[in-house]
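One chain, chain A, appears in both complexes that follow, with chain B as partner in the first and chain C in the second.
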Partner chain A sequence: MTSSLARKLEELVGRGKVFSSDSELLCYSYDATPLVSHRPEAVVRVTSEQDIAAVLELAAQEGLPVTPRGSGTGLSGGSVPVKGGIVLLTTAMNRIIEIDADDLSVTVEPGVITADLHAAVEELGLFYPPDPGSMKISTIGGNVAENAGGLRGLKYGITGDYLLSLDLFLIDGSKVHYGTKCVKDVAGYNLTKFLAGSEGTIGFFSKIVLKLIPKPRTKKTFLALYDDILDAARTVSALIARRIIPSTLELMDSVTINCVEDHVHIGLPRDVAALLLIETDGHPEVVKEEAAGIEAACTASRVRTLRIAKDAKESEELFTARRNALTSLARVKPTTILEDVTVPRPRIPEMMETIREAAAKFSLRIGTFGHAGDGNLHPTCLTDERDRDEIHRVEQAYDMIFQRAISLGGTISGEHGTGITKSKYLPQLVGPKAIEVMKRIKAAFDPEGRLNPGKIFPEPME
Partner chain B sequence: MATSLNADEIAGALATLDIHDYGDVLQCMRCGSCLPHCPTYRTDGIETQSPRGRVAMIKAVIDRRLQASEEFVEHMYHCLDCRNCQTVCPAGVKVGELVLEARHRIEEHTPQPLLKRFMLGSAIRDQKRLSRYLTPLRAYQLTGLQKVVRRSHILKWISSDLEFMEALLPTLPSRPLAETIPDVIPAVGKEKGRIGFFLGCAMNLVFAEVSRDTIAVLTRSGYTVVVPKGQQCCGTPNIAEGERKVYREMAEHNVALFEDRDVDAIVCDCAACGMELKAYRETLAPVHRVAHRAEAFSAKIRDVSEFLVAALGPEITFGTIAEKVCFHDPCHLRHGQKLVTPQRELLRRIPGVVFSDIPDEGQCCGSAGIYNITHRGRAMRILEAKVEAIDKTAADRVVTSNPGCFLQLDYARKHWNREWSLSHISQLLRSSLERGETMQ
Partner chain C sequence: MTSSLARKLEELVGRGKVFSSDSELLCYSYDATPLVSHRPEAVVRVTSEQDIAAVLELAAQEGLPVTPRGSGTGLSGGSVPVKGGIVLLTTAMNRIIEIDADDLSVTVEPGVITADLHAAVEELGLFYPPDPGSMKISTIGGNVAENAGGLRGLKYGITGDYLLSLDLFLIDGSKVHYGTKCVKDVAGYNLTKFLAGSEGTIGFFSKIVLKLIPKPRTKKTFLALYDDILDAARTVSALIARRIIPSTLELMDSVTINCVEDHVHIGLPRDVAALLLIETDGHPEVVKEEAAGIEAACTASRVRTLRIAKDAKESEELFTARRNALTSLARVKPTTILEDVTVPRPRIPEMMETIREAAAKFSLRIGTFGHAGDGNLHPTCLTDERDRDEIHRVEQAYDMIFQRAISLGGTISGEHGTGITKSKYLPQLVGPKAIEVMKRIKAAFDPEGRLNPGKIFPEPME
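Up next is the complex of A and B:
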């Protein structure tokens, strides 16, 4: 059963690249975002820039929406084709074009898997730090579109900080090139940086150049357990006061710790209120000095137990709890809804308090873990999509959590993007004037609003 | 595969998945963690060929958002049942098992072709009968006809599938193992205990010599081995094809057969059989009269490596085998039985063995029962990737412990002219133990 649209697409790009059966459309109706899905009319897996241009030109003639998609691991609905139309898959454009070891950069196609890029550059003693949770699956194109973060964000920054240059297709099928390999490049508006986090609404990437740095020589890992979550928060402040920026500083609350213990039995005490996973990396001398500082900061903040990894293997073991956080939470109930509110680091205790209040007020089970080092928290609701009443309470709880994050000077999304699910909170965060400016920018690139429609901007009430 | 479909009945049947299974369907977060590990997603690169996609399709059929069409049925049969997704799923969704449930419900409501009914209902049930069906093949090999056929590529003129199947065909033993070994084989030296041995169909009929090695290693490790006559197929082919009635009869028969013998454990040297026998506790749970006994039976099942890693005590001397070795994990061992370390520990105990892991985190070889015949193109691409990964280890020898994987890898070795040799783990262990004994 091939639709006329699919036939036209096949004529342009060839057979085997176009998918339009019922099952295929169903399987491209969602990403990793709970509760949102919509079927496209056709899916095209492009393999070249010619394919991209041809599909975009056809979409322009037919007036169809186009939604870019990588591996579909997004958590804000960024690749869900909510207005139908064509889904444009980047996954077959997955070549690492060049690793420039002399100038510390890498040129890739958008479909390269993040972890594959890590492996390729680390083999040469180089380092691409952004490490989003889905890095084994996610594509670089998706990472740039969502400006993805990860565990190493606080010390090394996020995807956008490594973006040097982009080849981009505009919605009409024309191609633009922004940026150079130069770290210093101030010619004209910096559209390259603007595109990081544009959520696939501005253009379709075909080539991406990223900055690399030398691989840190060594690292040391700590696991700190606390009787009071405030002591864990105090440790974060104590570290900053000592001018230490760890490469990883992760927090887990008691709900999460107990879920981890239920499922992986790694011997964490059940009565612990919070844990921090801390890692420092770099030159051996620096690591040694910072490790002493981390130990002192934890002790001063009334840590109950502090485990220090002796070698790489033990360091891996200490990461077990954190790696299993989402996994364990996800096994408790059928539906797992996770958000990514972010607040200035000193406000973490207040944010945690509000999350706890919201859970109590709306009778929900919320486990929180996240990147304490950069204030990016993942309050995770354990629920059941069949229970309409509970889902409604989940919405109310997140309303409360988002309001609080905004009032604490934080943001509604640290790393997942606004997408569909958080668009209703955006005007509150940035104000009506900023929304208007953003809409004008969007219109300059995509006057008909056909590229990844339904994202970022709240839908007008009908 | 289905001949004519009653989409509505199938949707209804899928909707009767019990709360646990349906919970599993809902539990999928669609996070995509399964994608990089799924062999069919790795070859095809599209969502319909992924575990996440398969769950979405099943859920959509249940919710009547997708028709249980021919296309849906085909997708359910694209899965290799390698269970790699079950190893990596953060939410614990048993996608492989869900797909088998779907197949079962499809088959129940679809008229089955005669040949399939005969194979699953009658042929595999009795190993003696199955052995008789192989007589023409034995004659084909004994008379030298095989050599002529292979040299002339005559089968290619008929069908490339047929030539492929012929190429897979190993040299068959003149008699199945069950007919040539006694019912009880005593321990060598002081008896540590009595164990049962489950003789899988492929091992009995094709790899008789390998199972003879397994039994030799077991008796050398101090155990008396009991091989009850009249064992029936473990039922893997039936489960894979969605057939449950004959499956349950065979399973019940096997449970009863070993019950009468006083054994501490039941060892199996075929990973697929091992996984299925361990699953009797779940698959027979709804059959009231046998549920408890199936539980006891499954609790005794041990894969050969799982058993030997403890049974081969410090008194055993391993002889030197100076080779670079890698282990191809059968999916039904690594992902189906969650056994990763015993086989490696055993190999590392052999002096001279330099062990290295195949760097693909337990990818399937594409054999998957009869998948390499039913879905040959994709199976070959999966095999090609496997061979590439094996090449990275620069191993002299590839070791495995499942007959299907053995046949598939042996085909690859010849087809792509690889230098490495291929062994079942029992073969390597036996030769190491024998060398160890002559050293003493």
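Up next is the complex of A and C:
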């Protein structure tokens, strides 16, 4: 069955790029976020800037919403077409256009897979640090739209920190170019940085230029097991007090550790309260010295066991637990609701305590893991969306967790974006005036509110 | 003589904070930018958020323009009140509110002097890298407004890269807060990063939170003298090819070198074509290894003489030439017009050649220095604003230089902002659609166009 919209789209972009069967529309009705889905009217996998402009112009004529989508790995519902209309897929625009090793930049189309970019630049001794958990599937366009973080954020920053320049299409089909390949460019407003984290609501990216840095020479990985989660938090503070900024500093609590052990059987003790995965990278001497500091900080914080990887293979083994955290938690129950609160690092113990209290108060199973070095925690509720009563309690628990994060000077999202799932907390975090200003900016780009509608703001746009 | 406006302002904020005599208004009619000045009607040195709100509310009632100003060291006319009205001075709001050594952040009022912030955090083993040339006078508020760079930008990035959170007042007197102390915060639009480089046209900052990093342990400084400026440019490429990112990589041409030697007599040979000031910092082993790489890169690029600082004192001596570049150039003729083009690093030779050609073609004396590691060059014209014919030729020369920077994929400003002096080139750089969008964003914050009017955009706001 081909709808009249699909036929019109096929006339514009050609056959094989437009999807409109029931099963296809179902596939693009959700992303990696639970509990939110909505079918689009058609899906277009664009292969060129001409395609993008043509689809946007048709959408303008027909007054249709347009929702950009990469690999659909988002965790706040950012690519769910909640108002229907057209889903615009970037995945076929996946060329690495240029790696400029002389000027340390890379130019890509939006559909390039993050891990493919890593591999391509690392072959040349270069490094693109942002490594979101979904990096083997996620696209650079999606990473920019959500300003994605990752395990290396503490030392190296997040996607927006590497963004130099963007070509993007506005909802009216016009093309705009911001930024240059220059690492210093302060001409006009800083729209490039603004677009990092704009969640697909401002424009559709067609070309992205990212900064590269030299690849760290070596690294060393540690797995620290604790009898008390507070000791893990103390290690984070102790490292910062020693002025050590590890490249990775990840936390997992006992719920997560046990789910991982159930799933991948890597021999983690069942009775530990928490673990930290710590990695230092860089020059061999720096790594050696920081490794000694990491050992000392762990010991002073009463670590039970400290495993140190002897080589790259052992390092990968130590990462296994962390890399399997979400998958392992997701196996336990039909529905996994992952959140993304961030607090100033010294407030991690209080945040962990609130998560524990919320789980107890609302009789829920919540496993927490995340980027302790950034104060960015992922409390993950193992539930079943068919159990309406439990889902209601999940909402109450997250409400308690978000309120606490805000009151601790933290934020409702460290790396997943606001999307649909956190929009109701945004006004409390930033205040009504900031919401008003954000809406006015949105309207400046998209007066009819047709580009990825229903995101970020708690109410539909006026 | 106290104007009626000044009396009203005094009633609001109290005596001693309002300036309106002829000589006072003259003082605040210009900043460090030549050829642009305009007297305000009154100047208010606010000391509290209450003062800010009160002044903005009065300005709203009277329909007056308001221009924020720090120390007035800007080089694109950003703090010149070109439409009159009130100048709002931040300099009395100069408290360092908190240095959070446990969470690596610092909270300041906008009037804190950049170098004072450096000193305060370095005492605790912490580091705030951005170091604009004016850092001994410039304020953090001004640095954020202009997204200021500096000598350490290549390795460490610029002001916006360290900006975590802002409190600001909109033109209507309402207060907005963006961001948190969290290094990862992707809730809502990224307005914090957008405000870096907003040139005082979006809001008046009242509180600024900046990220800190551990202070580098040691450093080593080099001064490399060349017979051919192309060899200096080759050294920049050779360093990047070796994956060495120095903390400082500064260029000076022969015009600048001779002016410095005339001024401070440090024994620089008169016949060298260019010099590079290079510094590596960090762990002693890294510094040692990079130092060897720097020597090798300079030698391979036919350096004439390579001076290596033995200690901190000698390092300071080697910096003397670069630190005195602008002052030395400024002594030669009554008017010094400094520009700020940036090109991709591999295009530096072409940019230098165009600057040389422009000087020859329009019979001008132009000295060039700048941040070669970032491709950010400051061609500096030594002229006399009373000589209208020469000033016309200066404009033609800069026109040629800006056109060339844009055609090389560069930008019209690497760190000084667009302000008044570069606004006419912005449409060519970003295109009419981007200008339209930027104007709409400006209007979203400031519908009447009263906050720092006449900046960034080539025409007055509609």
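One rule holds for everything that comes next: the second predicted complex is superposed on the first by the 459 of 462 C-alpha atoms of A that agree within 3 Å, B and C clash if a C-alpha of one lies under 4 Å from a C-alpha of the other, contacts with A are read in each partner's own complex, and residues count from 1 in each chain.
As a working rule, contacts are C-beta pairs under 8 Å (C-beta built on N, C-alpha and C of every residue); 3 or more make two chains touch, one makes a residue touch a chain.
Because the structure is a prediction, the values reported are computed rather than measured.
Judged by the touch definition given at the top, the superposed model places A:22 against chain B, while chain C stays out of reach. In the superposition on chain A, no contact is made by A:448 with either chain B or chain C. Look at A:122: by the touch rule set out above, it reaches neither chain B nor chain C.
In the superposition on chain A, A:334 makes contact with chain B only, not with chain C. More residues of chain A are in touch with C than with the other of chain B and chain C. Judged by the touch definition given at the top, the superposed model places A:262 against neither chain B nor chain C. Overlap of the chain B and chain C interfaces on chain A comprises no residues.
Listing the residues of chain B that touch chain A in their complex gives 23, 26-27, 29-33, 35-36, 45-48, 50, 52-53, 56-57, 60, 65-67, 69, 71-72, 75, 90-92.
On chain C, the positions that touch chain A within their shared complex are 100-105, 125-126, 146-147, 149, 153-154, 157-158, 160-161, 170, 174-178, 180-191, 193-194, 196-198, 213-215, 237, 240-241, 243-245, 282-283, 285-286, 289, 342-346, 371, 374-376, 409-418, 422, 425-426, 429-431, 433-435, 437-438, 440-445, 456. Residue ranges on chain A touching chain B, taken from their complex, read 19, 21-24, 26-28, 30-34, 45, 71-73, 91-92, 113, 134, 136-137, 326-327, 330-331, 334-336, 384-386.
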